[in-house]
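Shared between the two complexes below is chain A, which has chain B as its partner in the first and chain C in the second.
Now for the complex of A and B:
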């Protein structure tokens, strides 16, 4: 099946302009609220309630990958692909208890880098920053490429134009409104995503009922309904462990912890994770419908948009367009804001200019937002065919941080050298598994090795950490 | 004796199940680590050195 634009360029541009103006106007308006200091800009005044906190977690975790990759998984590997992608919600849910502990231990904390530096020292911080830098750039690239691919497949926009529009919009409202704008727009975006996905799913299954899909798959692709499919088994736990690595280490989620009220932080992560799980189930099932209909795609990551447009006509294309536009901007704004916080706090303030004023710190964060957007554009300029190849590569790295982070929060005897060796050895073994076995199992091997190193190192050479050291003044 | 192609498929299945088992054990251990840590500190003073 040849991918052709299903949405008239005029309608697509109208949607882009409408939502771009809305996001930017709201972002600028919300950014004017509050005290205007660095904490306000970076962490929305540390006073976010349950509804906003849950919505921002869900919206940030619904990425371009969720709407483009989950259907690809369903299409290529069947039920296991779909369900294993949904297991990525475990990352948010399992982080909930850790979030509560972080909130208690670090009342003045700003970033995940703060924690690693105070808990394990400068060298561990350096290793951690390298891992998070590679992951963040990979994540930004997949979102940027997803933006270009989506707008091109749906409306015939030039790949680069689509990418520039989405990154530009997210950058503008993040730049002017900071974390408050990010969280506010995330709330609207999460509601949009949930409602529109429900509409797409209901309309799709009314035209092509589940029993018919099942009957066709039994005849043509019975292996895709087999829960013991080898390729499916390989990715089953990888998604769960990969997502834990992403959430446990990345400042997107740590910044939400610091921004939320202590009383709501744990509940919001559980609710956000559960709400998120419904999204890959819905989009993944669309991939199964495509398979049942015997459709073939020149680029498998276009399964969802092309299917929706094919099944539901112009309305379906417009709905998917809005869903993915909201998904991409809500993730990109979070990435830009939280990574800017990390660079401004950990590198500019803690490393380069400890004497910097509050206003200078805020300015550094704003400059970094722009710089990151430019770097993302440059790195994403050459288009890759499958977003999965970029994504799974970073899984080998981030999964190695799961045990060092969790042990560092709960175990006073967690050894700092063990944490360093765990992150390095886990990353190396994960990358070897990525190359030699399959990209799908990189996170499994990475977590396994880092867990082993962390446990053995901390039991054999226990340390005595004073938790009060984490109460570092801002 | 199995034909060559059948043995390869069998190896692939066994290899997949081994990775699946490792993944299940690691995931379960990680969940246990977090839950045990959470319940250990639940109700205690967060900076308790004891």
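Now for the complex of A and C:
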């Protein structure tokens, strides 16, 4: 099936302008609230309530991948593709108790890097920062490429123009409004995404009812309805472990912990994870409808936009356009803000200029937001055919951080050298599994090796860590 | 659901279960929106949003 634009360029540009102006105006307005210091800019004043905290977790986790890759999973793998993607919600749910623990142990903390540095020392911090840098750049690239692909497939925009527009908008309101702008817009974006997705899914299944989809699939692609599909089960494990690695290590989620009120932090991660799980199942089911209709796609990550436009006409294309635009901006703003926090706090302030003032720290975070946006554009300029290839590659790395982070938060005997070896060996073995076995094995092998090294090393050479060391002054 | 002779390798979801998955996921999505809006309204009345 040839991917032709379904949305007139004029309408597409009108939607882009409308939502761009809305996000930037709201971001700038919210950014003016509060005291205006570095904590306000980086962590929105550390007093976010349950509604915004839950919504920002959901919006950040509903990425361009959720709307483009989950349908690709449904189309290629069937039910297990949808379910395995939904299991990524476990990352948020399982992080909930750790989030509360972090809030208790690090009342003045700002980043995940702060924790690793204070808990395991500088060398472990360096290994951790390399892993998080590779993952974050990979994540930013998938969002940027998703932006280019969306605008091209829906409205015929040049791939690079779409990418520049989405990154530019997210950068502008993050730059002026900081974390408060990110979290405030995330609430609106998450509600918008969920409402529009529900409309698209209900309308799609009214035109092509579930029994008809099932009948076609059982005749032509029965394996897609097989709950014991070996590859599907492996993908599910990988997805759950990968998501744990993503959430446990990345500063997107740690910054939400530090920004939220202590009384709501655990509840928000549980509610956010549970609510999020319905999204990939709904978007993935659209992939199954495409398969049942016998459609073939030259580029499989275009299943959702092309299907919605095909089933629902111009209205469907417009709805999907808004959903993916909101998904991409809500994830990109979180990535830009939290990574800028990490660079400003961990590298600029703690490593290069410990004497820097509060205003200089805030300025460093703002400059980093712009720098990250430019780097993302440059790295995403050459277009890749499948977002999955980028995504799975980073799974090998981040999954190796799960046990060092979890053990470091609860186990005083967790050994710093064991943490370093666990992250390095887990990453190496995960990457070898990615190359030699299959991309969706990477996180499973990485987590298993990392767990073994972490536990054996800490039992054999136990440390006696003082938790009070984590209460470092800002 | 139905199983065939290759019990450990195949377990096909039947039409009713397939329909249930589709409906439940869509209902869950709508409930998630309502939950978010309800919490926001409650916190807004208590001035506990930010």
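The rule is simple: the second predicted complex is superposed on the first by the 474 of 474 C-alpha atoms of A that agree within 3 Å, B and C clash if a C-alpha of one lies under 4 Å from a C-alpha of the other, contacts with A are read in each partner's own complex, and residues count from 1 in each chain.
The criterion applied here is as follows: a contact is a pair of C-beta atoms (placed from the backbone, for glycine too) under 8 Å apart; a residue touches a chain by one contact, two chains touch by 3 or more.
In this text, all values refer to a predicted model and were calculated from it rather than measured experimentally.
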| item | value |
| --- | --- |
| First (chain B), second (chain C), both or neither touched by A:281 | second |
| First (chain B), second (chain C), both or neither touched by A:241 | first |
| Partner chain in contact with A:366 - chain B first, chain C second, else both or neither | neither |
| Partner chain(s) touched by A:105 [first = chain B, second = chain C, both, neither] | first |
| Contacts of A:216 with chain B and chain C, given as first, second, both or neither | neither |
| Which of chain B and chain C A:293 touches, first, second, both or neither | neither |
| On chain A, the residue positions that both chain B and chain C contact, one per complex | 228, 230 |
| Footprint of chain A on chain B - complex, ascending | 12-13, 15-17, 19-20, 22-27, 29-31, 33-38, 40-41, 46-49 |
| In the complex with chain B, residue positions of chain A that touch it | 90, 94, 97-98, 100-101, 104-105, 228, 230-231, 233-234, 236-238, 240-241, 244, 402-403, 406-407, 409-412, 437, 441, 444-445, 447-448, 451, 466-468, 471 |
| Chain C to chain A touching residues, read off their complex | 1, 8-15, 18-19, 21-23, 25-26, 28-30, 32-33, 35-37, 39-40, 42-43, 48-50 |
| Residues of chain A touching chain C in the complex | 33, 44-45, 47-52, 54-55, 58, 79, 180, 187, 190-191, 194-195, 197-198, 201-202, 205, 210-211, 213-215, 218, 222, 225-228, 230, 271, 274-275, 277-279, 281-282, 285 |
